Every structure is written in structure tokens, then in C-alpha cells.
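Worksheet: one structure, shown below.
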Amino acid sequence: MMKNSIFNISPDRSKYPEKDAEGNLMVDLDSQKYVKLWQGPQHPGVTGNMSLELTISGDEIIQAKTHVGYLHRGFEKLMERRKYIQCFPTCIRMCVAEPDYNEYNLAAGIEELSGIEVPEMAQWLRTLVLEMARLQSLLRVVPGQGGTFALGLGVQWGVYLRDLILDLFEELTGGRVYHMYILPGGVRGLLPDGFKKRMEETLKKIDEFVVNIDNLMFSNAVFKQRAKDVGIIQPEWIDQFGIVGPNARSAGFMRDVRKDYPYLVYDQLDFEPMTMNYSDIYNRARLRWHDLIMTVDLIRQIMAKIPETGDIKAPTPNVLHWKIPRNETYIRSESSRGEYGFYMVSDGTDKPRRINLRGPSYVHAISLLEHMLINANIADTAAIMVSLQTCPPEIER
Amino acid sequence: MTNETNNIVEDKLELEDKFLAPENRKRQVTTPDGTIIEVDPLRDYFSDARPQIYRPNSIPVIENFLNWARAESLWVLGFGTGCGSIELPPLTTPRFDAYRFGVQMRATPRQSNVFIISGYLSVKTLKRVVRSYEQMPNPKYVIALGSCTINGGMYYDSYNTINRLDQYMPVDVYIAGCMPRPEALLAGFNKLKELIKAGKAEKANEYVENFDWYKANQKKIIKDWNMPDYNW
Amino acid sequence: MEQLINKLQKSFKLSDVKHQRENLTFVTVKKDSALDLVTHCRDYEGFSHFVLLSCVDWIEDGKFQLTYLLNNPSGKFDLGIRTFISRDNASMTSAHLLWRQIATYQRELKEMYGIDFPGSPRVDESFILEGWDEIPPMRREFDTKKYSEDTYFPREGRGSNDPATYMKSKLYPDDEK
Amino acid sequence: MDFDLTKLLFTLLGLLIVLNWGILMSGIIRKIGARVAKRYGIPVYQGWIDLIKNYAIRSQITHGIMFYLGPVFRLSGGVGLFLFMPMIFGSEHWSNYSFQGDLILLMYFQFFGMLGMALGAGEGGHPNSAIGISRGLSQFTTIEVPMTLAVIAIAIQYHTLSIADIVAAQQGSILNWTVFTNPFATVAAMLSVLGAFGHSPFNLVKAPNEIPIGPPTEYHGTFLGVLRTNAAILHVIEAVLFMNLFFGGASNWFELFLKSFLIYFWSVFVGMVFPRFRIEQSVRWFLKIPTLLGIIAIILA
């Protein structure tokens, strides 16, 4: 962007707009220098139902505020008045894009608080479900980055393949979007006959898609022009803001729960999450594309190593009177957006005292996004938001 | 608008001033040429006329023909209000391809005819939904997706989600399930087409006829009502 | 982890130390030294990643429990710092200068529990709810079912089985309790 | 000019043909686009239904007098372009009201609709409209640069400003087409046509996910119907203009359909695989390669 200095007429923003003594911007909307532009909640570029309140001067954003709460259903309150087993249908709806991490975290939390060991077969199946959830989410997100630049073709292919994965989910769990497959103590069922074969067929199609999307997006001159050097995450922000997952990895920080705190059977699988040294939109999209390849590879490994059959559920107490003594824990797993954690407190009754979800978007979509949008072009707003992979429902729950 | 109603609006504004964003408050503004004017955004930006009823064409043949065109060209407002919106991308992609049935996505309420309420509505969203719905031109249709719009569904005991959509706006087609599959949504579109072709989808006029009842219900739960009664 | 706790024990009064897992420990400190401990851990013990700030309502004790969960990315372990504050006129020192995202957590807690964090940016703006005039909804005494029934016109004829009796008849028909 | 009823009727008939061809053409193009994405796609007749539906919308909201006039200006821009465009070479009836020097007038009319739309959409009051309009005008200004250079090059080459004469000079053999006699001007113009049709990478005027819908955000019902009618006419006319200038014109309707379709398809084909530029990138792009080619064309001519 800086190469063509003739056309680079962006004004010096260090003095204008003026700042008051505390460093806050003094924006006088009546001065007619600024326009307030709302993006969302009804806006095709915004990820889900949230809104951005942008103060713009020309095409440049000088102030951004994220507004959330349009999807607030009070899950944490609702779960406080449900029994542990009843929390499952409730908690999976907290993030619709990849619900399985919710059920895994809740089940793992209950197991840890009441000391239940999960059989090995169930652990393999859980790993499989979590990786499939990551795959279907990435199939939407990777081409979605092109979609924010009006490259809708990749989205069409990606969402179609996502439907094929959802079909496999349906076969395995009975549900298309919401599965409720993972229960405390284990999972609900074994693999159906011929599942491995059908999975391999789908994965082959995804292999093709991976090559196509590379040609369509990452070798595309216009995409490079739009995505490079835009929406940069500085490495020192990672700790300041609490950035996790792919966004942190693209800035050179190895943050992957699967490697740092191995859970389930991830220590038996061979994978190496990618890190990059420069975090702009292009690199983040590229990193997610590598994640997609890695996920496909992981599913292939799981399919090769998974035992044919085995015990899938540890004995659990009567779910109606399942009381858990007063205790607390924090459970985390790696969703496609990064560390996804449940802070759970039990109080000796049959209902949880408190379950608090810590989703990556809580940080990415509010404090980080507001910071990154300053001095950005309004044309890049949606792209920056998608490249952070924000998911509003996990912010407001 | 009579003086009397204006006074009521005024009283209410003072009560709810704490909910108003600063740019929506009454204030003095200096124009570029130096004169000072008073600005009251809530009053200035919107018309406060009541909605009108638009009767169907009195000649049945013409009305049938127009209804056929309306039914075959459903423009959906792209407003994902709840988790059901995750099933909207599959609808527009190869697997389900709703374009075959003349269903297209539009980004602005002014150009849309169908509002898909995709799932539960929190109070905060309901306020935006009412605004978007009222901005849509007559005739307009509402498809309510998911159990949570019918009776609250999963969230029957939540403090922030409504239980019944039909208390706040008229609904043409309900689609049950949590969450309904895309095929169910396609079936819903076909049902809506039948209704339109039969001339039974005149809910926009019904909304106007029972305007006061709907408004009372909406105002009961939207506590910071800082918009005009009818959003043109 | 044990060493770290012993080290911290010397300068801060830790009570109720619980090693939940080998990489997760919860400690309790007094309200006025909680943020000192958090700052110390960030600056000297390598806890550079702030995971979450959460609140638990212990209505029977008349207290809110605030949990600051810190993570040490290089040592790969977590430390949960609990502190108890009174439920009446609940207020806590703001920590928004330590990490940028804490302001958001504090805004949420202000809205959901009514805990005040004086000085935190935008803490008084509504975050999730809009025009809420009841008691903060996440407090235990707030009855969400009653509020929902009073406010949102429940549809008549909605059959809802009591899940406990229904599950009992389906899953454990012989259960006596 | 004497009043000639036959000519008027033929002109109106031509307008009707062009309108329907425009709607059908965009239907076919959308179908092809859907097939690339492995979809079945909309029916090809969807354009007509949408048009009827838009005219059948019952309630219209207006924002003032210019809001009404915006679509009218836009439509008169499109129809004006049509009126002065010779459609079929060598045909007395289908050459409309073209005359010597009509090329200058056509260049002007291309801008006319845009300006009228700017006034109308500006009155709509939606910030997206205003941003879209400012983007559209700045982009269109830069599109005009290579386009004008190419047109000047052709004018120098053929020593005329009449489209009919330019077409006449290209008859005889396929090698007489401007595309072979003056390739630089053709390439410059064909690159600028990408912007004129407003498909990606140059669709930042309407740009969903940035400023959805753009200028017509507030337009609905009949207003939108008028705008869509105009879009159908305009697309064909722009394609016919380029056909006349560079591809030897058409001697019958079928040839016109085929050539205009291919020219239009070229812009869609590019748009299918390229994402959208930002406005300053787009401006910069048009001022670089196409302008350079245009200058070369003039120097060679």
C-alpha cells in the first residue's frame, strides 16, 4: 500500500481527530467531519448477529465499538436451574458453528469433578467428532475469507462439502447440526458399518477442494492485493489482549491446546500446528488453510488407528440424583478458533452452581477488533472480522 | 399526528432519556454557515404517520397474476437473527439451492419480501426485527423458523428471549424443529407460495389492522423504546 | 506447581490451596491483596496470559466469589485466584490496566451481577442487555422462569413434562427415591 | 428532422427487443454462474418475474423529489444511449437516431444516468448510498480515461466520429475489425468495460459485505423496477457500443445477440474468479495499464 506514494493521500491522523487529556478521541458528530456508520446487526458482512458502530472520516474508521447481546439467551442462568444431564442440550447451542466442543467440555468437566475414567474407545470417538467439527467449521471459514472480498465461488464449494461432513455426522450421531453425541462417561454409539469408507470418499473430495482453493484464493493477484498488509496483529498484542488459537499462531506464538495440554488421544496422533511470523489477513487465511489440511490428515490417522470395537461408556450414577461435591475446575479444548474453555463450579447439589464459557471471540471480537479497526478502511471491516473468526453467540451466551 | 400524541411522546422521552445514545438526544447544533439550530433526532429523522392498509387489486385476474409473480420471486432479507441462520448458507449453495424456486437473498429490508426469523429472538434483537419488518414494503411475509419462535422451545424459561413470535408480528408460516433442516425450510417456502397464490398471505394488512395491539405487546417488553412507533 | 505456591505463600496469605490437576491450582486470597497477587504473577512468575474473570454467587454465605484465572504459556499451567467480596454493595478494584480484555469482563460482571468496578472503561454502558430494569439477572435470587412467564406470554397448551419424572419413568422405572 | 412514424415505431420495437434480450442475457449469465458453482441456478425467466414483482409492490416510501427523479434520470440515460446507437449495420430501420458525431454524445450519456442516480440516492439519506455513490463516481471517472483514449484513437484511425461510419469501415473481412487493426485501443477499452459493467473486481459500488446494495439501498418497489429495467437496457447497449467500435458491428439481430452476449460474458468471466478491489486500488489499476495502452494506441494512430 505504501509503494505508490503518488496516490497515497491518507491524512496524518496523529493530530486529527483531536484527543483530550486522557487520550480519548474528541469526535463531534455535529461538525460534519465524521459520519456514524452502523454495520449490523442486519448486514451481510458481519459474522452472525452482532453490530459494529463505526465513526468514519472519509473511508477511514477512526473509532469502532462492538455491540453484542443480540443473541443473549442466558445459558449460564438456565444451566444453573437444570440437572447436569439436562445441561447437554442447552450448552451445545452456545456456539452453533461448532457445537461439539461445548458437549466435550461439559462432559469432561463433569467427569473430572466426579472422578470418572472414560474408556479408550470413547476417547477415540470423541476425538473423531471434535476433529470433524473442526473440519466442517474450517470448510466454511477458509473460503469465507474470500467471500468477504466477493469471491463467492469458494464459499459455494466449501459449504457444499460441509454438507457432506454434516451427512456423516448425521450417520454417526443422528443429528445434523446439534449432535449430543458425547455424554458424561463416554459417547452414545459406535461407528456405523462402512463409515470409514464413506469418510474416505468425502476426504478425497476435500483434498481436491484444498488444491482448488489454493488456486482460487492464494494464487489470486487481487486477493493478495486485498489481504496482504491489512489487519495486522502485532506480536506484543498476544499477551496484552489474550489472543489464542490460529490468530496467535499466525503471529509466531505456539498456542494450541492439543499440543500444550494434550487431552483425549491427541498425544497418540502425529501433527504439528503451523506458526507464522507475520499476522495479516492473508497469512491468517493461509494458516487456516493449513489447519484444514492438517485436520483432514488427523481424521485419516484417527480412522487408521481407531479400535474396531470396545467399551464406549463408563458406568455413571443415576443421572437424576447425580450430585457432585463442591469443587471447581477449568476445562479447555482447542476449537477451530482457539482455546475454548469451561469454568465449572459445583456445589454438592444435582445442578451446577456456575458454568462460565470462555470463548476465543470474547477477546477477538471486542477488545481486539475495536483496536484493529482503528485507521482501517471500511471496505476491510468485514475481512478483518472474518479473519479473526469471530462467533457472536459465544460472547454473549 | 395530533398535538395530544406529541405530548405523550415527549413525556416518554424524558423518562427514557437514560437509555438514549448521545447522538439521539436533543441538542443545539451549529451549522456550517454559523446559525444555531436545535436538533431532535428522534423527531426529525422519522415520520410519525401511522401505517396504511393496502387493499389487493379489485380485479381477481390481475391480482392472481400479481400474486403469482410475488410467489415466484421471494426476496429474503439477509438477517440471521438466531442460530437457524447457520442453515441459510446451505440453502444458497449446491446441496439445496433455493435459487431454483426463485428465492434470493437481499441485504436491505426495503427490497425484501420475506423475513425469515431464524430462531429465538432476544429482546434486543426483537427491537431491530420490528424496525426491519416495518421497513419492508407491503406485501411482506414472515417465516418463523424453529420451535423457539412458536412457544419458546429450549428457552421457555429464559429471561431474555420471547416465547411467542405471533404476539409481536403476524407470522405466515411456522417451521417446527430445533433446528429445522434445510429441506423443512424449502417446504416452508413452498407452503408460503401456496398461500400467496391463494391470496391468503395478507398478514401485512393484518398487522396494520391490529397495530395498537401489536405495539402494546412490543412496548411491554422493549423497555427502552426510543424509536418512532412506525418505522417507515 | 508446589514450589510456586510455596514461594507465593511467603509474600501473600494464601488459603484454601487446591491442586485440582497437575497443571491447575486454585488459591484463595483476601480481597485487598488479590490484585497484588495477580500483578505479581503476571510480572514475575510468567503468567502472561489472562484466561478469564468469572463470578460465582454464593448467596447462602452472602458472598460473591471472583475468580481470576491466569495461564503460564511457557510452564503450561494455570493458577486460579479466588477472592470473596460481600454481596451488598459489591465492588472490586478494577484491573483493566493489567490486560486489555479485562474491561470487557468487568463490564459483563457489572451488568450480570451488579458488581461495580470503579474506573473501568465503559463499565456503566450496557453490554448485553438493553433497557434492563430488574435486578441483575445472574444473581441467584432472580427467578428467570417466573420472569419469563410474567413477561413473554407463554403459549397456552404448551405441554411440558417435568424432566425428572419423565426421565425416571423412561430410564429408571424401578428407582424408588 | 421530419417526423417519421415508422422510424419511431421501429425504435420502440428495438427498445423492447433490447430490454427483453437484456433480461434474458442476465438470466443466462446467472445460470452459467450457478453452474460454475455446481448449482442448478435460477430459472432463466426469473428476471421477468422479478420485474413484475417489483412493479407489483404496493407501498412506496419516498424521501423527496430527487428520490423520484433518480431512477428516471438513470432510465433516461439508458434509453438515451439506445436512441443514438445504430443497432444493425446497413439497416435503415434499426439504426435509430444515430447521426454524425454521435460517439461524443454517447460518451456523455454514459455519465448522465450515473449523475442522476447520485442525486436521487443521495436524497435517500442512507450512508451506504452516499458512500456507494462517491465510490461509483470516482471509479467511473477513471474508467472514462482509458475508454476515451481508446475512442480518440479510433476516431483518429477512421477519421470520423460517427459510429455508423466506424462500423462501415470494419466491414468486408474479419481482419478489418478494430480488434485486429488497432489492438491496443481494443485491449484498453475491453479492460475498461470490466469497470463499466460493474462485476467484480470492480463491483465496489454495490459491494455486499462492505456497503450492501450501495446507491439503490433505499430504492424499492417501482423505483427498483425502473432501475432494473434500465440495467437490462444499459448492459446490452454498452455491449453493442463495444461491438460496433471494435468487433465489426452486427448485420442482423442474431449476430448482435451473440456478440453482445460474448462481450458481456467476458466481464462476468473475469468477475467469477477475481475478488473485489478497494476503491483506491481500482482507481490506481485503471490509471495504470489500460491508460498506458490507450496512450500507446493514440501514439500509434
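Order as written gives the chain letters A, B, C and D; numbering starts at 1 within each chain.
Note that contacts are C-beta pairs under 8 Å (C-beta built on N, C-alpha and C of every residue); 3 or more make two chains touch, one makes a residue touch a chain.
It should be emphasised that the depicted structure is a prediction, and the values quoted were computed from it without experimental measurement.
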| item | value |
| --- | --- |
| Comparison of B-C and A-B by number of C-beta pairs in contact, larger one | A-B |
| Gap in Å, rounded to a whole number, between the CA centres of subunit C and subunit B | 37 |
| Cα-centroid distance, subunit C relative to subunit D, in whole angstrom | 61 |
| Geometric centre distance via CA averages, subunit B-subunit A, whole Å | 30 |
| Distance between the centres, which are taken as Cα means, of subunit D and subunit A, whole angstrom | 43 |
| Overlap residues in subunit C, where contacts from two or more other chains coincide | 128-130, 137, 142, 144-145 |
| Where subunit A touches two or more other chains at once, by residue number | 43-44, 69, 72, 74, 77-78, 81, 156, 160 |
| Multi-partner residues of subunit D (at least 2 other chains) | 37-39, 208, 212 |
| Arrangement of touching chains [line / ring / star / complete / other] | other |
| Interchain contacts, given as pairs of chains that touch | A-B, A-C, A-D, B-C, B-D |
| Parts of subunit B lying in touch with subunit A, wherever the complex brings them together | 23, 27, 29-30, 32, 39, 77-83, 85-87, 89-90, 93-96, 105, 107, 109, 120, 122, 124-125, 128, 132, 154-155, 157-161, 178-179, 181 |
| Of subunit D, residues touching subunit A in the complex | 36-39, 127-128, 131, 200-201, 203-204, 207-212, 272-281, 283-284 |
| Footprint of subunit C on subunit A - complex, ascending | 68-69, 72, 74, 76-78, 80-81, 83, 85-86, 112, 239-242, 244, 253, 255, 260-261, 318-321, 327-330, 339, 341, 343, 345, 353-354, 356, 358, 362-363, 366-368, 371, 396 |
| Subunit B-facing residues of subunit A, complex | 29-30, 32, 36, 41-44, 48-49, 69-74, 77-78, 81, 89-90, 93, 96-97, 140, 155-156, 159-160, 162-163, 176-178, 393 |
| Footprint of subunit B on subunit C - complex, ascending | 128-134, 137, 142, 144-145, 147-149, 151-155, 158, 160 |
